[in-house]
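Okay, here's the structure, questions in a sec.
Going in written order, the chains are labelled A, B, C and D, and every chain counts its residues from 1.
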Amino acid sequence: MKERVVLDVSKLPMHDMGIASPAWWGTCAFMLIEGSGFALAIAIYFYLFSLAPKWPIDAPSPDLFAGTVLTALLLASIVPNILVSRWAKARALAKVRIGLIVMSLLAAAPLALRIFEFPAMHVSWDENAYGSIVWTLLGLHTTHIITDLIDTLVLTCLMFSRHGDNTRRYGDVEDNALYWNFVIVAWLPLYVCIYWVPRL
Amino acid sequence: MKCNSILLLLAFLISGCSGAQSVLNANGHAAIALKELILAIVLVCSAVWFLVMIALVSALARRRIRESDAISERKATVVVSGAVGATVLVVSGLTIASFHTTRALSEAEDPELTIVVRAQQWWWQFTYVDPRSTETFVTANELHIPIGKDVRLRLESGDVIHSFWVPSLAGKQDLIPGRENILTLRAERPGVYRGQCAEFCGLQHSHMALFVIAEGVADYERWAEGQRRMSVDPSEAEAVAGKAVFMARQCAACHTIRGTGASGTTGPDLTHIGSRRTIAAGLLENTRGSLAAWIADPQKLKPGNNMPLVPLTSDELRQLAAYMEVLK
Amino acid sequence: MMPGKVLRGGVAQPLAIALFSVALAGIATLVGLERQPRQYRIDPPVAAALDDLRLMPTGIGGAPPEVYFALDKPYETSAYDLSQGKRLYSWFGCANCHGDGRGGAGPSLLDGWWLYGPSTVAIAASIRNGRPHGMPAFRSKMTTDQIWQLAGYVRTMGAYSASLAAPSRNDDKHTRPAENRAPAAILFNEEPAPSPSERGPPS
Amino acid sequence: MIEDRKRPPLTDDGLDDSVLERHLSQTWSASPGFWGALATVDHKVIARRYIVTAFVFLILGGLLAVAMRIQLAWPEARFLDPDRYNQIFTTHGSTMMFLFAVPVMEAMAIYLVPLMVGTRNIAFPRLNAFSYWIILIGGLLLWISFALDAAPDVGWFAYVPLSGPEYGPGKRADIWAQMITFTELSALAVAVEIVVTVFKQRAPGMSLDRIPLLVWSMLVMAFIVIMAMPAIMFASSTLILDRLVETQFYNPAEGGDALLWQHVFWFFGHPEVYIIFLPAAGMVSTIVATFSRRPIFGYLPLVMAFIATGILAFGLWVHHMFVVGLPRLGESFFTASSMAIAVPAGIQIFCWLATLWLGRPVFTTPLLFVIGFIVTFVIGGLTGVMVASVPFDAQVHDTYFVVAHFHYVLVGGAVFPLLGAIYYWFPKMTGRMMSETLGRWAFGLIFLGFNLTFFPMHILGLQGMPRRVYTYQPELPWAGLNLFISLSALVLVSGFVIFFIDALRSWRSGKPAGPDPWSAGTLEWATASPPPAYNFRRIPVVEAREPLWSRSEGLAVTKGLQVDRRELIVSSVVEALPEARESSPRDSIWPFWAAIATSLMLIGSIFTPWAVVWGSIPIAVTLIGWFWPKGTVEDTS
């Protein structure tokens, strides 16, 4: 087939970050999937709530302490998270390295608190539907924290390796920061559902 | 090419058969209303299908005239827009029609009779509730109702989801564990109407039938009176022996025969089993032979059902069948 | 040498094939373990043979009839029979005395203490013949097949390690862990078991 | 990497065609041998595997249908016992929905979307490889359990409590639920790839209004998958949790609800129909345009109709639950919304008819299948309008009327276009034409056999025959029609046999096709048949909606891409302005290992909850292996 060249793309960058990066869009698509999952889980929470004569079923309202501290911690982690994202955009390797270490710790700390959240429900997953749904909500969110923690740890290692100083890695750091923001934002409605809806 | 008019033609042929378990053999007030709606919708939809087919054939076979593309496109735009508009009108019309029918069939305010229908794998239990609790009685797989009266069915499930469906009388309604549904029946004509579980419920979903016998009020009262009575005591020697077998063997652990020591509740109430038309939820006609066959090996006839094979001698079998038969 | 090179070499192909076959065989085995051709009826002669329990003179323990092994001990391994046993437990009113398994008027069935031994055959004998101190005989109420199903089920209730075939919870009020989670292990592991003498003589 | 950097990058600028092809082929081809085959990330290779696998499952599912028809040919037949019959109809439905219809549509997307948007590979090609292994193992799980007499026996929508802990002994229902997880995982992965490929990898100049309709339909399908599939993953996971560790989601005695399952299942289950139908609508649009020899009539209304269908799809799940006793008003709302979806469906039909009317139809086999599609799908759509009415549904719900309805929609509405699409794109995929003669025979027999088999089921339904019965009693008036249906099914089967013979024969020895046998307008026909590993020698520049119909002086293309690394053009979402020369990942075996690790975890969790904990470790290891940079040129930036 005859071809005629009408466009030269050789001057284009070999990789770009943000909305010019397919990886960024892929992260968004996965966030949409998981966001749908969270939305559905919350819908089911309210469905069960609407059926129950009394909510929570056969249990006192959950203790606020662990969950609230965790929420505060997650919210506080937004600041370093955004900073890491900015440093990544500016390709500041040293700052990104430090930021990722901080973020690894900030992703691990909620897990420690999460251990106390399960008993704070005062209900076991097998006692009734209320127990099942709150344990599921907590479990669902915990897997997200763990996923992001592993992701952050691997990225931290990478940034200290010879593969670190690379636009692609900075893009990965940005996407990881975006995902962590998602993990935080997804937690807020869960927090309200788990801790405050029973107090209504 | 097949067309929906064949369906209509067949519909009228089918509705000719009486006693069939058919949507088009409508004999209840709900089923009659539904049948009218169904035929109307089928008619409208058939017409739509024919119009689309005419359009398809003409699109494929039309003579290609020389016409500028712009004019053809404009014509097509007008036609397509018109067709979309017509679609909107048709579906709106059908929505309104169906809403209208739904409203017309709303629950009866003041039913003559309330029956608790309890579905279990794989048979139906009917409890005729009476404010005077002594008058309440239980039967299975055969529902008698007086014609022309609203009968309220309270639908419950004993295990999984079932669906109560007697197409000649009304649309179906599910029986869901943990929930209670209401279905109102009103038979307009006397007859025997077959129904069947319509929600997949396990191994013997296929053999979970029931019969509704709609009869005149006097007949119904006579039947109900008979059902309230205790079971008859057999006098014939064979049946007497059968009763002894029933009480001595495993039968009595699961079945109730009012007026005897048998008070099991796992299986159907057999107090008046002899008066029913069928046994094993519509599986077999109620004859002495089929009773014996059923008792001899229920797992062969209805694999997986909850009645076990009880090893019996042929004498015991014959005696049991004879006893069942006298329980009118 | 790079691990990639090792993999890319001659080892790769057999290794991948082997692992894939192992995965397939794994699925097949796991599913095969669960294979349960369902048996709805036993022929009366087989039932009669199954009824021939060979008990010790004391009534504690014994050997199942030979036909039981010929049938491959379905009542202990078939999920279908075990779940039927669970339904029989409620249909025949076992809960009236034994509650959810933790006992009541009758002894507990999941504390790991079996007055007449932990074998299925002993449990079947208890159900069939009854026992002193109030356990009625179910010989005339249940068929042999049903007695075995119920016995197999009762055994899973008290088992200390969960069987894959054991039934899950019912759609009822939740009072204790279901059989597939080995409720005996969860509920009674920590407590010292009472000595048999406190529980009454073994007849 | 350092050595690579030293060498000046080699671009296609000024390279002779044959030299360019040699370089590209070296860069993009999979390494030969078994290992290379396991590690390949070429979207065309993976799509071919998907398609073949899906058709194998179609054959298996079809054999089950034949078994059911033998059993139902006579009243009280004893060909199958009820337990086996229940396993068979469950496996038939689950196979056809989850292992045939959805994967085959996605496979067509995996094959066609990158070619139609003019790029070198799908986005996230390793994820693509992973998704294939996952669905393959999920399918094997179901079918091995079927072979071992332990297949699920609860119907393809597995209503609790029948599938729940109390009434579903054994692991049958768990196998069903986990098979669902496998297929959904794979579907979600593919959906993400499609969305990103369409958004970011379109050839320069392919602005939103120049995207081929098939790609639009696949894009909408991908979004439906993304929004709907989490529901079924939630449903199947909670079912396993209820059965394994005693959660109480579906136990009414402890605050759960049996209807919750139906809500969640159908919130996925109804969009599922459109996941299958929309790609078919895209195929129809393409075939109609090509064989009418003119651009499609009503491009914009069609795109709008696709999107509207995708949105409305989420508003009508309750019409599967009209007889469970929900409040009247709610039911009426869902009647209205279910009826409303007839409007976008109508728009599509009318636009296709208008295209045929305006064009000069060439009656090839693909077009015959499309005509067959219009005839049967309109019936399916109209019976859909019927069952959308609450009172109508009260009579026909769960009867053979519904069986007829959804086979008209799924076979008439999706399989007919799919078969047409196979005839249409077979030359592109294999480089060889299928036989027109056999194609006409296959079409004739399938069309006739299908209608003779399924149309009478409408009547059986009205006569009161419920679905999912393993037999019926002789006194019921259903025997004649059932025998007729069973005999007609043989006609249908013979049509499929001819189709498969034709496909196999043509694959080996069909007439060579050349790059563009149909004189079509979209980009996939601008490259060789079958396309080389790199798809296009030079990435095209799109200047019109049908680039191949409007080219004057040959195809407009770009230059300047590097050929010594896997490189493609990333462009902006709306205008498709080039933004970067992005690299595309190399072949990797890690997706395969990740799929094995994931499968072990998922299958293990049927048996013990601890499998989730211990099984996650190998998954994490394989994922790290997958994403860890290997220092190839693809990693430079």
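For this structure, a couple of remarks:
Rule of thumb we're sticking to: contacts are C-beta pairs under 8 Å (C-beta built on N, C-alpha and C of every residue); 3 or more make two chains touch, one makes a residue touch a chain.
Everything numeric here is computed off the predicted structure, so don't read it as measured data.
Each chain gets one centre point, the mean of its Cα atoms, and the points for chain A and chain D are 30 Å apart.
One simple way to say how far apart two chains are is to compare their mean CA positions; for chain B and chain D this gives 38 Å. Taking each chain's centre as the average of its CA atoms, chain A and chain C sit 44 Å apart.
In chain A, the residues touching two or more other chains are 126-128.
In chain C, the residues touching two or more other chains are 38, 169, 171, 174, 177.
In chain B, 177-178, 303-304 are the positions where the chain touches two or more neighbouring chains simultaneously.
Judged by the touch criterion defined above, the protein chains form a pattern that is neither an open path, a ring nor a star, and not fully connected either. In summary, the structure contains touching chain pairs A-C, A-D, B-C, B-D, C-D. Interface residues of chain B facing chain D in the complex, by the touch rule stated above, are 1-2, 4, 7, 10-11, 14, 17, 20-24, 31, 33-34, 37-38, 41-42, 45-46, 48-49, 52-53, 55-56, 58-60, 62, 64, 69, 72-73, 76, 79-80, 83-84, 87-88, 91-92, 94-95, 97-99, 101-103, 105-106, 159-161, 163, 165, 167, 170-174, 176-179, 181-182, 194, 196-207, 209, 282-283, 303-304. Touching chain A in their complex are the following residues of chain C: 169, 174, 177. Residues 38, 40-42, 44, 47-48, 87, 91-92, 140-143, 145-146, 171 of chain C are the ones that touch chain B when the two sit in their complex. Those residues of chain C that touch chain D in the complex are listed here as 4, 7-8, 12-13, 16-17, 19-20, 23-24, 26-28, 30-32, 34-38, 79-80, 82-83, 164-165, 167-174, 177-178, 180-181. By the touch criterion stated above, chain A contacts chain D in their complex at residues 1-16, 19-22, 25-26, 29-30, 32-34, 36-37, 40-41, 44, 47-48, 51-52, 57, 125-133, 135-136, 150, 154, 158, 162-163, 166-169.
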